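For clarity, chains are labelled A, B, C, D, E and F in written order, and residue numbers in each chain start from 1.
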Amino acid sequence: MLNEVDGEAGARVVEALADIAPDFATYLLEFPFGDIYARPGLDLRAREIATIAALSALGNAAPQLRVHIRAGLNVGISREEIIETIMQMAVYAGFPAALNALAVARDAFADDAP
Amino acid sequence: MLNEVDGEAGARVVEALADIAPDFATYLLEFPFGDIYARPGLDLRAREIATIAALSALGNAAPQLRVHIRAGLNVGISREEIIETIMQMAVYAGFPAALNALAVARDAFADDAP
Amino acid sequence: MLNEVDGEAGARVVEALADIAPDFATYLLEFPFGDIYARPGLDLRAREIATIAALSALGNAAPQLRVHIRAGLNVGISREEIIETIMQMAVYAGFPAALNALAVARDAFADDAP
Amino acid sequence: MLNEVDGEAGARVVEALADIAPDFATYLLEFPFGDIYARPGLDLRAREIATIAALSALGNAAPQLRVHIRAGLNVGISREEIIETIMQMAVYAGFPAALNALAVARDAFADDAP
Amino acid sequence: MLNEVDGEAGARVVEALADIAPDFATYLLEFPFGDIYARPGLDLRAREIATIAALSALGNAAPQLRVHIRAGLNVGISREEIIETIMQMAVYAGFPAALNALAVARDAFADDAP
Amino acid sequence: MLNEVDGEAGARVVEALADIAPDFATYLLEFPFGDIYARPGLDLRAREIATIAALSALGNAAPQLRVHIRAGLNVGISREEIIETIMQMAVYAGFPAALNALAVARDAFADDAP
């Protein structure tokens, strides 16, 4: 599930924890991905939109937002839909949160430029 | 748009502002509803999931979360999908945020009990 | 200083701490009021606008926001200016934060209705 | 573990989820309590101080803070130590967060008054 | 209004959105600047103090705080008043928020060193 | 007290304030360190665990978290205990907050690598 959603970025998060908190990588695989994302009641598209919205609104999780913008593209959400989701957060978390999340999106989109 | 999404609850928010900040009601109609929700790039279902996710994660907007859980039901999101969206927020904003949002959902669902 | 700014509400905060954390009341008098508000570099009007803005934006300090809206009126800020300050927070912290702070302002203004 | 730490309050949280999100109660038992609190690397006393500190600082989780203040008493933390932990949060999250957490502590302490 | 308040920095924000979310630049001009800052009920000095206070307290909007510290200087707020506003935020959002905002102020002040 | 807890890092914080807000350095010494950390009701070990927990959960105070992870090591908390404290924050503030705090811990631990 982590692989389907996050691709290489997910693997890198797990590797980065190996030296400092290897058990935390296990929890990360088990609870969010094994338990939550695998549940049938909501499709992955909606799950990634929810996560992009939440991380944009919270405003203190830029690395994770970048991973999930990539994940959103992986599960078929368009760039336009990601931008719309982030713009909408200006209503609920203010313009700075949306502006900073748009900057993260620009970087995430640039990763797969030809 | 406010009416389609929020129904009577939206009208009550606008009325409640009449005595203290009537212009703010205008902005609320213009920017979030006139500008953002009316944009074609993301369907209303996805917009409400994004908002429910963000308000659950932020954790300090219970009255607005309740309005948007009702709005989610209005635009065709199922109760199960709303619960899944909120549960997922435990991953990104912690269990207390999810628990408190689930309590708001219970209240919002009770509003249309037969 | 506490008295000039907060009037009776400030005294009530100090009294409420007497049973559970009396030393905290001392710190509250010393650091915010003795040290910060008493400094000459910014007038009390600007200090209360800054505090009303911050507490509205943070969104999890309704009791303290109410005290400082009263304090703002005490130091000569008009109701209109308080409403303008709170409305502006929609830009920086989102509409829910501003809506909830406007509700606190309505309550605080009602305290001195004739 | 939930029982040792939270006593009846923990059981009530699980029961309250039965109608709306029963699987979430399972996750709550598995991840925080089965995985995290049961780990040997940090004693329960330190774990509860960490949780009381975090929930006081976050400021939007009063019901959970109350449960964990009770849990802190259950694992042998004194009232004075709980108050000291909360007061210290004024430094890191501001006076309103500490004041509101002190009010939660007063209520939690009153639960076991003779 | 954007020009009066933010000068070149505001223009740069709008330009930066051109490739990724050009409509968002329009909303940024319309709602915060066209609607809110242009309102007569609060002078620009007070509006910028409110914004500097809020962005310092929120603590996750360093780029926007820098723009508004420059904007504050543009509308006649002194460096001392800006520092006082930020220091006061230690009371409401904790010392780390104030320390980090002071670091942003140091950078913003350095921009116009001779 | 600042010296015992923070060592050189604390001195650097005070020095860094000398040009922009020297009085703020005084308050930082007086209130957090002179008033709070010096109080007898909670040992320094518990105080640093509380602070590491809170700063990890708040998620917008990386420089201060780093100082307090070093301070935790100075007062005898083990690396394992610090990691456990941070991992536990995933429960209360979400996985991104814990992941980002673990990254700060990796950097702080590297400072005293042989």
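Simple rule for what comes next: a residue touches a chain if its C-beta (ideal position, glycine included) is under 8 Å from a C-beta of that chain, and two chains touch if they have at least 3 such contacts.
Keep in mind that this is a model prediction, so the values were computed, not measured.
The chain pair from A-C, D-E or B-C that repeats the A-F interface, sharing more than half of its contact pairs by residue number, is B-C. More C-beta pairs touch across one of B-D and A-B than the other; that pair is A-B. Homomeric contact subunit D/subunit E is classed as same-residue, with over half of its interface positions used by both copies.
Rotation angle, subunit C onto subunit D, C-alpha superposition: 120 degrees, expressed as a multiple of 5. Here the spacing of subunit D and subunit F, counted between their Cα centres, is 21 Å. The distance from the centre of subunit B to the centre of subunit F, with each centre set as the mean of the Cα atoms, comes to 37 Å.
With centres defined as mean CA coordinates, subunit F is found 29 Å away from subunit C.
Annotation for subunit D: residues 23, 27, 31-32, 36, 39, 55, 57-58, 60-61, 64, 83, 87, 90-97 touch two or more other chains. Contact topology of the protein chains: fully connected, every pair of chains touching. By the touch rule above, subunit D contacts subunit C in their complex via residues 59-60, 83, 86-87, 90, 94-100, 102-103, 105-106, 109.
Only residues 13, 16-17, 19-21, 23-24, 27-28, 32, 55, 58, 60-61, 63-64 of subunit A touch subunit F when the two sit together in their complex. On subunit B, the positions that touch subunit F within their shared complex are 57, 90-97.
Interface residues of subunit F facing subunit D in the complex, by the touch rule stated above, are 31-32, 36-37, 39, 41-42, 45-47, 49-58, 61, 64, 80-81, 83-85, 87-93. Within the complex, the subunit F residues that touch subunit C are 23, 27, 30-31, 35-36, 39.
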